[in-house]
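What follows are several structures.
Shared chain: chain A. Partners: chain B in the first complex, chain C in the second.
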Partner chain A sequence: MLMPTGTAATRRLRRWLPVSLLLIFLTFLVIVPVGMLVYASFLDAPPRPGSPRGTFTLEHFRALYTSRSNLLAIRNSLLIGLGGTAMAMFIGTLLAWLGTRTDVPGRSMVQFAGIVPLFMSSLVGALAWSLVGSPRAGYANTVLEALGIPLTVNIYSVGGMVFVFGLYYAPYAYLFVASALSLMNPELEEAAEVHGGSIARVMRRITFPLVVPATMGAFILTFVLIIENFPVVQVLGSPGGVETMPAYIFRLMISAPSRPNEASAAGLLLMLIMVVLVTFQARLLAKREYVTVTGKGFRPRRIKLGRWRWAGFAFALGYLVVAVGVPFFALTQAALRRSQFISGIGDFVDLSAFSFRSITSLVDYPPFSLGLRNTIIVGALTAVFGGALHLLTAYTVYRTNAPGRKVLEYVAMLPVTVPALVIGLGFLWTWLNVPIPLYGTLLILVLAYTARFMPQGYRGISSTILQVHKDLEESAQVSGASRARAAVTVVVPLIRSGIFSTMLLLFILSMRELSASIFLFTSDTRVLPIVLYDQWTSGSYSRMAAISLLYSALLCVLTVAGRKYLGESGASAKTP
Partner chain B sequence: MPSLRMQVWPNRAKERSMSYRPKARTPLAILAALALLASACGGGGAEVPEADVEAEEGGPLVIEDEEVADAELFAAAQEEGSLVVYSGFPETAELAIQQAFTDDTGIGVENVRAPTGQLVERILSEAGAGELGADAIRISDIALVTSVDEEGIYAEHMIPNADVYDDQFKHPEGRWYASVTPTMGFSYNTELVSEEDAPQSWEDMLNPEWQGNLCLGQAGAGGSTFSLAYFQRKEFGIEYWEQLAAQEPSILSSTATVAEENARGECAVGINHQGTTALLANDGAPLQFVFPEDGSTVWPHYLSATAEAPNPNAAKLFLNWSMSLRGQTVTTTAATDYVPHPEAPTPQLNDISFPEFDEIDPYFADNDEWVEVRADWVEEWYSLFGYTP
Partner chain C sequence: MFIRVSNLTKTYGEARAVDDLSIDISEGEMLVLLGPSGCGKTTTMRCIVGLETPDIGTIQIGDMTVFDSQRQISVPTNQRNIGMVFQSYAIWPHMTVAQNVAYPLRMRKRKDRAGLDIKQKVGEALNLVGLTGVGDRGASLLSGGQMQRVALARSIVMEPRVLLLDEPLSNLDAKLRDRLRFELRDIQLSLGITAIYVTHDQDEALALSDRIAVMREGKIVQLTDPVTMYKQPDSAFVADFIGTSNLFDGTVVGSSGSDTVVKLDDSGLEIQTTQQEPEGKQVTVCIRPEDVVIDAPAEDRPNMWKSAVRVSSFLGNHFRYSLAVHDGPTLFAMSHGSRAGLQTGTTALVHIAPDRIQLLDR
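What follows is the complex of A and B.
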């Protein structure tokens, strides 16, 4: 380690070096790929290496502007985004409130219901719901017919997608609102009550206004996540001919011959929509200051629900059944049935039609084992690599006075506005043109995932760093420790569980990711979501269901095991 | 962007205050049970016939008395040891074919599978960067084959039994061979449609009975669907497209899913690929296949070796083997599709052989015209069927 003396030049270099290195790195992860996409969207030929360079054109944007299907895609994406967000917010907020601030029976079940669907990937959710809700052969329609209800469910519609998004994005809303509610100081509410406010009035005037920032944040985050989501709109939108932005981008890329420049332009357009939304949210929250979390210890008050207690319980249980139970039932049916044809409700329980073949044959199906292996490798590498990168970035931003550190944070948060498909496309163009043979390796997936989940990873680690007061580190430095030593011996042990928790998040998010890898995989580097998606496109429904079941079980076990381990180590790390 | 507090994961402090303790032991138990079951039973798969292989050290490769490779090529291929195939052919069938090749020759195959359109994008990109990973390529759609050929990507290789094949199944200089000739016709769900009611002609498909109850693949998906669009327009005029569109069919993104949707009962009838239908039916799905009286389209998959292949000899051997009677027999068995070799057996559905290839009234598109009209016709088809893009 260099001592803090030396010439002015080395001092300057040392001041600038960490930020510059990180910045170069982040630039290659985020800015170059997006730049390549922008570049491609203005050319009349794809930026394929070796092929003649295209010339500048605005044709792709003009084509987007005049294309009826693109306009439909934008309209549908916005509609689905709004509807899905509204439903997710309703479910998530209600569960959060029930789980943190009321005396609902089975509170731990309510809290469990609030987050458990997060670990079912939206791809699996969409595949399962396509089995349940397809207009003719869907299980729901078989049941409705048997009950004599003249109603047809069609999940291949805007309403169907709103429903599925609402189910699987509710946990995001839950996480935001639940933490805000449980951290809220009850003094204000108590004061209002002392002055004669009724429960309903206190809730309306005090409780909910206080969680507005969390709710707004959740609303826009959820909205942004939904409009860029590719698996759900691909699986549920394309059979019914419901055009959406992500599916449109994807189809431009895979149609034969492909239209990569138009796809790039459409990707850019989706990105612009997201930039506008996120900027709007940042503006909105920047105007006022919302301090609800103080250093004082308190217990959040529980509201007595009275005769509504069991209604709250039923709501949480109902959500759990619809979001997890029904898909699990559908996937089990599809995985175990010899023939996918169901003539009536009796077939659901006709055990003679069942066989474990589709599950057992996975042993002999090389893409499955390969995909599983790749998924775990990529997830683990993304966790380790992302964890280290975000720790360095967050430390530089919050604990040093290095010049340009705010820019670092800005770049780290930038992928919030970049659709996963765009990251995939950008990486494809970038690494086909850079003479480093990354394309076709698992490493390119690791880098793409790191870029994709940078905001989550960076936020996770920086918020834990912020929890440790600077004093501790500074006292170490006053006592003669170097900055690096102070960081390693004081800060890192204190935030260890926060880092692990973020790494686990990165691991799980990577295991679920389809959109960022769909343009980057080669047959050697197929990950499990790709293998699963392949089953759907090739119409192997029973194998698709079998893989979905094993994949979801794996995600669930990992999450539960990981959180359990973290819960214990986190508690012990706190004692000294 | 400091006000962007977007956090998906609850951090530790918040988490503890939520006292979250999931009690989910069920998934673990299920996983364990599934793993147990998986180890207890064996797996199924397409049964590929055995063959009499003569492959002596330093000698030629002879299978069922047919010389597949001379001593020199065989030794060189064995030296290379393996090859990479980029294939748009359905994966299960492709893997079964490649496995039989490995069993016969001892040479390993790595399969890179993607829908043909995506695969071509990848081939052109990789070749442009001088890093094409493929030793051999199998794709459908002569327009795309031509676009790859124009980049000089294909090698010229004459297979030993080239004379066996009609001219339309081989490139004059050996840049491609039609290794398999799948056909398109009608499938129907036998639980929903009786044999008498099943459509028999292209006219029957326009019967109001099938309105809203008919599945087909979008015309631009690949060779399978464009062969249909081409045939319908050439034989019956563009009016046929209009009438078919008026049937309000479910338009699926590829032909691969038509059979499964038909089997589930999502639609009663489908304009479908005979091979996929037979594979599913042989697997117990309630499906039957009909060759339309007035013609079934053929969409060959073209197999080629690449010019800059890292394993050129293994690739040539793969071509020779695939086009030998042995390779053709394996292909027709694994894919339940027709193959161009005149002596190869016909595919079967539930142990009943399909008619001989000539009897199904196969319709071949004119390759030059196909290449010329493809892009425009697909666009027109999209606008007529209200399909995007």
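What follows is the complex of A and C.
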């Protein structure tokens, strides 16, 4: 039996076709928008139909260099980034150490405290804290005044933003450090103890040096996430006139007359800063694998804290109260009060002042129902579309020998360095010029979100695929299954729950996203975060708080469902 | 010839994993590919099953050409009808034992599957590997030895033309390994199936094979039956790999009667051998541990030396010694029988018959 496999030309086509198609797709999602942004930043007119044809100029970069507000924005970004990261690292590392390596009481509460703020949208966090810490009518100031303490809390400041970022970005530090600590082979520490080290010295000389690369990696990641964050700095920065780079880019776009080319140049600058930092982080993490990761789960050693046990417990509980309890108290107050005016501390518990009107009236508020509908459609489409795209990409990269597959992976990971606002701007410039009427539809949001969350989605699915030993698929082929049949009968059942959990992650991330959509929405395609932002700008605090509560409840339900899936995927995708 | 591999070459970038390799395997034969890691043995096997595409060469199985680089023939893996046991066993954790074993039968074309009693076939295969009655168990709950048996059942249930085994015993503990090695050979012989077995363990290779091919850097350096391989290795590399522990570099310095005299490079000790080699030739002297006679009667004979017993180790049915020859190298020796052996720290007279000493090209 002879099995000729076609002419050389068709074989070459078959080899190149899947990679080429995927590459074209990813190029349109990532490279073209970034390219359009770069292009716009060198033109003197915005690249949109109806505008005069722009000519080449370096003026915007000169303006960035000389503009006082830009330099101030860079300075604020760095200050807030460093301060917020430092605070987040302190909280996250301490919680990680308490939760994995000590006999702190209520360990599961500590571990819960480490991750739970991750599932709260930073927009909701910022809105809630503006209710608490506004210098004029913030609840905290009402309380301080009632207690006769001559202090004013002002959340609309650099310090205020550092505080809010520190609270809501601590989970990233927690995740990195906790995983490094629990993957570390305890024999490394036991060996040091056997050879005469005291517990304190083993911690200082062995444990902490081993997690330094992971900690540094978390530091840079957190810093990058903070300096590209738009919702928090917009909500907490603009009332007090404290501007960071994303807020500056946004102001350039919405000021009249708008300066879109200068905004593009500023976006490019922010992106370059992120490229440098992420490259540095990747180097660090490459080293980390070599040092501590053993691949096996160990039962970690736990240090006896003695009388400090309850101090550790109090720290974790205090963090939960400040990061979750206080904001929800504030949102509940604002949502249920008939009047936002509070005359004294007694008003917080005066039940006669409360009603559910602002929540029940949401039913009759069309922007809310439309926003909710849009959010769910966009989230679901992003999850399905992203899931399929990342599955195809990851399978091509890790399970075929197709040429150019490494380039695919590189492009898929590229958005790590692209600020969300820049993705929004890039999509705007791209789809205003491509003669496909995508602008103004929900689909453009789906594509922008897919690009924005590509690294998370791709990494989620590729790590699931990597957990399935290649032998499992090859032995199916040896047993007589075709390539496609082996994938369907063996690979897909083994990674199914991993794919579901990644899709759910994409859904949740899409539901929270404000930055990538702020330049792309139209009145018909507003999503919930936009609706929420509108309530805040128009001063409808009661409705804002009511929407925030419902929105958070929705995210919470999804997250709980997600954790169930995440747990399952870990169990079923193991290999013998 | 049943399997004929000709001029097989497979490169990864600059590295030649398999380098112009040719080998013929007869029907019903068990051939072992033996060599250190990276010698190309696994790549050769993966080329035969079709999981790797060679750059050059032809592979013929029975009357079917499964690969020919010139005629651009490459039969897909799933149509080659070759059974394979993977090193990691590759038991699908989401299926039961029976589902795992039935898989190759279910993958057959509809017309080939007609009239096939899959359940009965699976039962037979599980019986053959000694796993009667575990078919309903989840595959992820099995022990290592059981997984190995399931993998074997799965690869023979399809009645393959060839059975490939990729270090199938390397993840098992020593006792189980010995037993399964025997069972594996028994099953292969009783089915009369042609098999290729990849390993880096020389004991496994000697115990299982009809013929052994020792590989190095993508080429076969020696191909012969196990006894000849052990008794007459072609080169120091093969002797070393097959487990001869006494290998010394030396130079032929002359002759004594009909014997050749070799002077060892490191210690200067002179050794006589019946093997004829020209004076001045650089050689490797090869002495098998069981050829070292311990506590020889004190008559004057060639290759008789006083030596100190450095380590004496009792292994049940034999002793192993490490003996430091006075003004000479350290020899590893073996003595059978359970009579009292030499004590560590004593002195012994050792002797090696000149016709047992082999000179190998360096």
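Criterion: the second predicted complex is superposed on the first by the 545 of 576 C-alpha atoms of A that agree within 3 Å, B and C clash if a C-alpha of one lies under 4 Å from a C-alpha of the other, contacts with A are read in each partner's own complex, and residues count from 1 in each chain.
Methods note: a residue touches a chain if its C-beta (ideal position, glycine included) is under 8 Å from a C-beta of that chain, and two chains touch if they have at least 3 such contacts.
None of the values given here were measured: they were computed from a predicted structure.
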Contacts of A:Ser343 with chain B and chain C, given as first, second, both or neither: first
Which superposed partner A:Leu252 touches (first chain B, second chain C, both, neither): first
First, second, both or neither for A:Ser538, with chain B first and chain C second: first
Touching partner for A:Phe56 - first (chain B), second (chain C), both, neither: neither
Contact breadth on chain A, by residue count: chain C or chain B: B
Residue numbers on chain C that touch chain A, as the complex places them: 49-51, 64-65, 71-84, 86-94, 103-104, 107-108, 139-140, 142, 147, 151, 154-155, 158
Of chain B, residues touching chain A in the complex: 1-24, 27-28, 30-31, 34, 37-45, 90-92, 95, 110-118, 120-122, 124-131, 133, 141, 143-144, 147, 189, 191, 213, 220-222, 250-254, 256-261, 263-267, 276, 283-286, 375, 386-389
Complex contacts: residues of chain A adjacent to chain C: 1-5, 8, 469, 471-472, 474-483, 485-486, 489-490, 493-494, 572, 574-576
Chain B contact footprint on chain A (complex, rising order): 46, 48-51, 67-69, 72-73, 99-100, 108, 111-112, 115-116, 134-137, 172, 175-176, 178-179, 182-183, 217, 221, 238-239, 241, 243, 248, 251-260, 278, 281-282, 285-286, 300, 338-343, 356-357, 359-367, 409-410, 413, 416, 428, 432-433, 437, 439-440, 455-456, 459-460, 463-464, 467, 497-498, 501-502, 505, 509, 522-524, 534, 536-541, 549-550, 552-554, 556-557, 560, 563, 566-567, 570-571
